[in-house]
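Read through the structures below before going on.
The following pair of complexes shares a single chain, chain A, combined with chain B in the former and chain C in the latter.
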Partner chain A sequence: MRFDTVIIGGGLAGLTAGITLQEAGRKTVIVSAGQNALHFFSGTFESTEAERERITEFFVRAGIPVHFQDGQRLMPAGTFRPAALSLEDVTLFPQTPVSSKALIVNFSGFHDFFTAFLAEGLEKNGTTCRICTLDLPEMEHLRLSPSEMRSVNIARVMDSCWEKAVADIRVMHKDEDLILLPQVFGLKDASIPGKILAALPARAAFIGTMPPSVPGIRTQMQLKRRYEILGGTFLMGDEVTSAAIHDGVVSSITTRNLDTSRIFGEYFILASGGYFSKGLAATPVQVVEPLFRLDVAFEEDRNGWYRQDFFADQPYMDFGVKTDADLHAVKDGQPLKNLFAVGSILGGTRPDFGSAAGLALRTAFAAADAITTSKPQE
Partner chain B sequence: MKRNDYDVIIVGGGITGAGTARDCAMRGLKVLLVERHDIATGATGRNHGLLHSGARYAVTDQESANECIRENMILRRIASHCVDETDGLFITLPEDDLNYQAKFVESCLAAGISAEILDPKEALRMEPSVNPDLIGAVKVPDGSVDPFRLCAANMLDAKLHGAQVLLYTEVTEFIKEGDMVKGIRTFNHQTHQSAEYYAAITVNAAGIWGHHVAEMAGVPIGMYPAKGALLIFAHRVNDVVINRCRKPANADILVPGDTVCVIGTTSTKIPFEECDNVRVTPDEVNLLIEEGAKLAPALASTRILRAYAGVRPLVSADNDPTGRNISRGIVCLDHETRDGVKGFISITGGKLMTYRLMAEMATDLVCRKLHVDKACETATLPLPGSERKSFKEVAEQIWENPTTAQKATAGRLGTGAARIKDTSPLGQSLICECEEVSVGEIDAAIQRLDVSNLVDLRRRTRVGMGTCQGELCGCRAAGLLARAHGCTERARADLKDFMTERWKGMYPIGWGDALREAEYTQWVYKHVLGV
Partner chain C sequence: MTLQEYTASAHNFEECMKCTICTAYCPVVPVNPRYPGPKQAGPDGERLRLKDPYFFNKALKYCLNCKRCEVVCPSGVKVADIIQAARIKYDRSKPKIRDRMLAGTDFMGTLARPFAPIVNGMTGLGATKAVLDATLAIDRHRTFPKYSAHGFEGWLKRHAREQAKFERQVAYFHGCYVNYNFPQLGKDLVKVLNALGVGVQLLEGEKCCGVAMISNGMTREATRHAQHNVSVLQKAVDKGLTVVTTSSTCTFTIRDEYPELLKVDNAGVRDALVLATRYIYQALESGAATLRFREDYHARIAYHTPCHLEKLGWGLFSQELLKMIPGVEFILLDSNCCGIAGTYGFKKENYEASQAIGKPLFDQVEAVNPDFIACDCETCKWQLEMSTGYTVKHPISILAEALA
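What follows is the complex of A and B.
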C-alpha cells in the first residue's frame, strides 16, 4: 500500500493533520489504536488564542459548530475556569453570579455527575441551587447491573428518549433561571443538545461528567466521518509494529493487522500521543519513543520527574520528542527529513504552540502545511 | 464516676491499641481509646499483611516463632473474615545454601510449626509463579491477613463492649500527681478543642510514637525506628506466600492479598523526625523489584501499583545497626516497677501477628493493678464479622444469589455484610469498580466505622486501593461523604488530600503503566473535572 502521507495516531492531532491533507487533495492513511484523548475532551479548548479563524473554520467544515467567546466555563467539580474555543453546546458564562437560582438535574443513581460540588461552587458565587433527580423507566435496565450507570450508557438511552427527560424537567422546574444538566445527550445525533436547550423553560447548560465524555466521543466520530468523506483511509484498532528508516528517511511501516504487507509513504506524521496513548513510554531510567526510537527530551534523574503535590504541574508531562523548528522529528541528533511529530508526543518541548488542544491542532496544521507546500520527492 | 473518668485510657489506634481496648472492654473495664489520626495509620497498615506461621523466626528466635504460630491459629478462628489461608513456601534458590533447609525444618518443628519438605516440582505445581530454578521448598502454614479490616473489627468490638473511641485526638500532656499518671490532656484536630480525661491506668500503645508518649510521661524507652519499604503489584501473581529459605534478609517475602500481591521489605534506621512522613527511595524500589523477581520472575514484568513504607516499633536491645537482630518480641513495661511512675504502662515491640497476645499481656497487667479478676476471652470469642467461616456461606446466608460484588463485600465484612440493608439497585451500584465496593457498603462504613474522610474510608472499605488508585472512585465517594456529613467544601478539600495521598505511593514507581494511569488521572482531575 502506498500513500502520500501515513499518519500514526487517530486522536485530535492525527485527525486534524489527515483532514487538512485530504482537503488539500493528498492521499493519506491514519493508523489508530482506538481510544484517545478526545474521549475525555470536555468540550472546551484552552490556550488556542492563535489561529482562531483557521481552527473555527476547520471545525465548522467538519459539521462541528464551535464558538470563540471569552468567558468562564463551569467545571464538573464546581469551579470556574477561563475558556476560549468551545463546542456550541458548551455554555460559557461571562460573569458570576451566573444566575440567581439554578436547578441542577441528575439521573438517579448516576454517581459521575457531581451535583453537590456544582451546587457548592455556584452558591459560593451567589446562585441559589436546587438539586433534582430524574427517574426514567427506560433507565431501569442500566440499574440492574451495578456498573452500568455511566455517561455513555445513559447517553445511548437518551439518544432515543431525551424528550421524556425534557418533559420531566419541565415539571420539576419552578422559577429557576438556569438549568444544569449532565453532558449525556447527543452521542450519535449532534443536534439533540440544541433541541433540548430550545425546549427547556429556562436557559440551560450542559456540564461535564466523569469520562468518557459524550461530547468528546461525538466530536471524535464527527472528525473521523469528515476524514473518511474526504477519502481518507482510517485503520481502526490497528497498531504500528515497525518502521523502516534509510539514510534519514522513513520509507514504510508495518502494522499488526496488515501483517507482512508494508505501508509506504512519502511523508509520515507521528501523532501517537503521550504516555497514556503509548506515544511515549517511561522505564525506570528513561523516557523513550518506542516506534522510531526518536530522541526524547527528559530529565536524567528520575527524582526530578515528579512533584509531591498531585495537583502541581508535573515535570514528566513536559518531556517529549525532540524536533527541529519545522517539527521534523530528531533521531540520533539528526532531523528525519520526512517524519513530523505533532500533538502531545511533543509534551512541553514546543511551548510556542500552546498546550494540549492548541498544540495538537496547530502542530497538525503546521505539519500538513509543510507537506502540501513542499515539492513531491522524486 | 464523672463523665471523663475511666478505668483505663489507651493511647494509640493501631492494632495493639484496638486489641487492648477490646480486651479491656471485654473484661468489664470502662475504656477510652485516643488516636491522633485515624485507625491503622502507623505500622498496622504499613506492612505485608502476612499471617506469619512463625517459620521466618524459627532459626533465629524460637520464642517469637512460637508466639506467631499460636496466634496464627487463633486468628484463623477469631478473625476468619480478615484471614486468607493461603499457606506459604520457603524456597531455596541455587545461590542459597540447601543445608540451611534441614536446620530450618528442625527449628520450625521445635517451635510447633508444621513444616513439610516438598519436591521442587511439587512446589511449582502448588505455586506456578514461583522461580522455576528453585532447588528446595518447604511448606508452612503462612497466610495473609488484612490489617485494616482486623483493626476496624477490634475497634468495633471494643465499642460494642462499651469502649469509647476518640479519633483525631492527640495527647498533648499527661496529668500527673507526684509520681502518678492521673490522666491526659488532649487536642482534637477536627474540632480544635482541648479536653482532659482521667483514668486509673493509662496504656501507651502508640507504636513507634510510643517513644515520645513515654517521654511526655517522664519515662525513657529506647526505641528504634526501622523503616521497611514495600511494593504492591497490580495482580495477585502468587496464591501462596513465597519466602526465601535463608536467614531473614531484604525483600524476601511475597504475600498475596485480595486482588494484589506485596513484596517487602527493607530495613533502614531512620531518625524519629521522619516517622510521620516516610518516603520510599528509588534505591529501595530497585532492590525490591530485583529481589522480588527472584521469588517470582513474573514480578519483573508486572505492573506496580504503589510503593509504601512503615516504621517498625522496635525496642533497642543491642547495637546491631541493621535492626534485623533485634527481637521482634513483645515488650510490656510496668513503669511503676521500672521507673517509679505509677498508673502508666507501655506495650510495644511485637508485631501485627502478636497484637492479640500483646493486648492480653497489657490487659492482664491493667487488671492486676485494678484488682479485676476476669479471664481473657479474646482467643476464643470471634471478632464481629467472623462468626462464620466462609465468605461464600456468609454471602449465601444474606443474599439469595449473591453477585460477585456481594461476595466481595462478604469477604470484607464477614457476617457484618448483613447490615448492608440497601439492596436496591442504587444501594448496589458500584462506587469503586476495581475493588467492587457498593454505595451500600460505603454508607454502612460511614455510619458504623467512624469515617471522617476519604482516606479513612479507604482503610475500611478498600475504596481506591485497586488498579486505578482512586481515579474513578475518588470523586464518587467524595459525593457520598459530602451527603453524609452535609459539608461539600470539606469533601472537596478531602478529595484533594485523598488524591495527593494516592500519588505519594505512585510517583516512586512512576514509569510504565503506572505513569500512564497517573498521566490520565492528573489530566482528568485538573483539566476535565477542574478539582
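What follows is the complex of A and C.
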C-alpha cells in the first residue's frame, strides 16, 4: 500500500496532522495502537496566543466548538490553573474568588468526582459550598454493576435525559451564584453541555472527573470521523512492527495486522506519544524510542530521572526524541529527511498546564505544513 | 531467565492499567447492566479467578467476543481472550439443545439442505417461528438463513476441470454460509478470481471453523474441528497454495482463536490464509493482473466493517477495492457493532440487547440512505437486512457484478 504520508499514532497529534494533510488533498494513513491520551483530556489545551484563528477554525470544521478566553480553570480538587483555548463546555473564570456561594451537584453512587475535595479547595478561596446528590430513576440500572458507575456510562444516560437532571438541579438550587457539575454530559452530542449551561439558574461549570474523559472521547470520535470523511485511512488497533530506513530516508513500515503488506510513504510522521502510549520506553539504564531507535535526549544518571517530591517537576517528563529545528527526527546524530516527530514524544510537556495538547497541535501543524509546502522527492 | 518469565500471564492481564477505555467502547455495557464490562470481566476478574475459581462470574456469557476491547486497548491487553478463556476454563454448564443446534452450522446444513425448499418454507412461517420461540427460545423476530438446495462444493466440483486450466491456483475455504446458504457468493469469487487469471479449488474436506461452538461452550467439538481444518489447510500449503476466504469471522477464528483459545497450533498455515479482498487487492497492486469494470455501473454504497474484520485490521482492502470501481460513491459507516454477534442475537434472551447494540448503526444507515450496504460478514448481513430493510452485498459480489 502506498500513501503520501504515513502517520504513526492516532491521538491528537496524529489526527491533527492527518486531517490537515487530507484537507490539503494528500492521501494519508494513520496506524494507531489502541486509543490514546485524548481519553484523559481535561478539555483545555494550553495558555497560548499563537495560531488562535487556525486552531479555532480547525476544530470548528470538525464540529468541535472551542473558545479562547484567558482565565482560570477550576480543577477537580478546587484549585485553579491558568488556561485559554478550551472546549466550549469548559468554563473559565477571570479571577478568584469565583463566587460567594457554590452548589456542587453529583450523581448518587458516582465515585469518580470528589465533591469534598472540590468544596475544601473552594472554601480556602472564600467560597461557601453546599453538596447535593442527584438520584434519577433512569440511572438505577447502572447500580447493578456498581464498579462500573463511570463517567461514560452516566454520560450515555444523560445524552437522552439531561433535561430531567437540569429540572432536579433547579429544585435543589437556592441562592448560589455558581453551580458545579461533573464533566459527564454530551458524549455523542456536543451541543448538550451548552444547553445545560443556558438552562441552569446560575453560572455553571463542568469539572473534570477521573478517566475516561467524556469531552475527550467526544473530541476523539469527532476528529476521527472528520479524518475519515476527508478520505483518510485509520487503522485502529494495529501497531508498527518494523521500519525500513535507507540513506537517512524512511521508505516503508510493516504492521502487526498487515504483516507482509508493507506500507510505503513519501513522508512519515511519528506521533506515537509519551511513556503511556509507548512512544517512549524506559529501560533500567536508558530511555529509548522503540520503533526507529531515534536519538533520545535524557539524563545519563538514572538518579537524576526523578525527584523524591512527587509533586515537583519530574526530569523524566523533559526527556524526548531529538529533532532538528524543522522537527525532522534525529537518528545516530543525523536528521532523517522524511520523518517528523510530533506531540508528546518530544517531551517537555507539563500535564498540570495542559501543554501536551498544545504541543500536539502546534507540532502537528508544523509537520503537515512542511510536507505540503515541500517539493516532491526524487 | 528474567523476572517477566515467572510473572507473565496468559493474555497479559497484568499489563492492564485500569484506564477503563475498553469499557467505554464495549457495545454490551450500554445495553446490558448485568454485564460487568470488559475490564471487570477480563483483567480485574482474572486476578480473582486465579486465586479461586469461585470468583468466576456467569455474566461473562454476555460478552459478544467482538474484540472491540482489544482493538481500543492502549496497553495491548487481550481483554476478550481473557474473558473467553475464562469461560472455557471455568464454566461447567452444559450447552442447551438450542445452543448446540445454532452452533452446529455444518451439521444442520447437511441435514437441511436436501429438503431446502421445505425447510425454507417452514422456517419462514410465523407458526414455526412461534414454536421455535416457545420451545427452543430462538427469537421469533429472527428470520432463519435460507438453505440452498445445491451446495457450493458440488458446484465447484462440477467446474473443477475448467478451474484447473488456470496456471495460477488458490484454494478456497468457503465456510458453512457459502456452502449451505449462499453459494452465489462462492460463484462470484470464482468469477472475480478467474478474471484475474486465477483458478479456484476446494480444500480436501474443510469443516466449519467452529466459531459458534466456541461461543456456545462446545470447546471439545470446536477443538476437533480446528485440528481437522489445520491439517487440511496444511495440505494446501504444502502444495504451495494460498487459501482465500470470504468470511471475515471464519478467517479471524482460524488465524487467531485457534491458537489463543483452543491451543491448536496453526503456525504452519496462519499466514497462508487470507481474505479474498486482501488477495485481490495485492494482485492488483503488484500489477500482476488487472480488472476491467463496466462503464455503466453506478452505486451509492455504505460500507460496514464487521467487528472481527476490524480486529484483523483488513477492512481497508475491501474498502479500497470498492473505491476502485468507477461509478461507486463510497461511504464508510462509523465503527459500530451490528449486535448480532453470530448466534448471540438469535437467542430469545439476547434479542433486545442485540437490537439496542445495533441501533446507532441502523440509524446511520437510514440517514445515509445508500443504494445498498457492503459488508464482509454473513451474520452482519442477516442483522442489517432484517433491521434496516436495505440489501447487504459482499464486496466480492459487488466486484463480480461490476466486472465488464
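One rule holds in what follows: the second predicted complex is superposed on the first by the 370 of 378 C-alpha atoms of A that agree within 3 Å, B and C clash if a C-alpha of one lies under 4 Å from a C-alpha of the other, contacts with A are read in each partner's own complex, and residues count from 1 in each chain.
In this section, a contact is a pair of C-beta atoms (placed from the backbone, for glycine too) under 8 Å apart; a residue touches a chain by one contact, two chains touch by 3 or more.
From a predicted model like this one, the values you see are computed outputs, not experimental measurements.
Asks: First (chain B), second (chain C), both or neither: which does A:His39 touch?
Replies: Second partner only, chain C.
Asks: In the superposed arrangement, does A:Arg302 touch chain B (first), chain C (second), both or neither?
Replies: first
Asks: Which chain, chain B or chain C, is in touch with more residues of chain A?
Replies: Counting residues of chain A touched by each partner, the higher count goes to B.
Asks: Does the superposition put A:Tyr275 against chain B (first), chain C (second), both, or neither?
Replies: It touches chain B, and chain C stays clear.
Asks: Once the structures are superposed on A, label A:Asp238 by its partner contacts, choosing first (chain B), second (chain C), both or neither.
Replies: Once the two structures are laid over each other on A, A:Asp238 reaches chain C alone.
Asks: In the superposed arrangement, which partner chain does A:Ser147 touch: chain B (first), chain C (second), both, or neither?
Replies: So A:Ser147 meets both chain B and chain C here.
Asks: Applying the touch criterion given at the start, work out whether A:Arg225 contacts chain B, chain C, both or neither, answering first, second, both or neither.
Replies: second
Asks: Examine A:Phe107 and indicate which partner it touches, taking first as chain B and second as chain C; both and neither are also allowed.
Replies: Touch partners of A:Phe107: none, neither chain B nor chain C.
Asks: Touching A:Ala119, do we find chain B (first), chain C (second), both, or neither?
Replies: So A:Ala119 only meets chain B here.
Asks: Between chain B (first) and chain C (second), which does A:Leu258 come into contact with in this model arrangement: first, second, both, or neither?
Replies: second
Asks: Please identify the positions on chain A that touch both chain B and chain C, taking each partner from its own complex.
Replies: On chain A, the residues that contact chain B in one structure and chain C in the other are 40, 143-144, 147, 211, 276.
Asks: Given the complex with chain B, which residues does chain A contribute to the contact?
Replies: Within the complex, chain A touches chain B at residues 37, 40, 42, 46, 75-79, 81, 108-109, 111-112, 114-117, 119-120, 140, 143-144, 146-147, 149, 208, 210-211, 213, 274-276, 278, 281-284, 302-303, 305-306, 308-311, 314, 316-317, 356.
Asks: Applying the document's contact rule, which stretches of chain B touch chain A when the two form their complex?
Replies: Per the touch definition, chain B meets chain A at residues 282, 285-286, 403, 405, 425-426, 428-431, 433, 436, 438-439, 472, 475-476, 478-480, 482-483, 488-489, 491-492, 496, 499-500, 502-504, 507, 510-512, 515-520, 522-531.
Asks: Touching residues of chain A toward chain C in the complex: what are they?
Replies: 1, 33-36, 39-40, 141-145, 147-148, 150, 152-153, 156, 211-212, 217, 225, 228, 233, 235-239, 255-261, 276-277
Asks: Could you please specify the touching residues of chain C with respect to chain A in the complex?
Replies: Spelled out, the residues of chain C in touch with chain A are 17, 19-21, 23-25, 29-30, 33-37, 40, 44, 70-76, 271, 278, 282, 285, 310-314, 316, 319-320, 332, 334-335.
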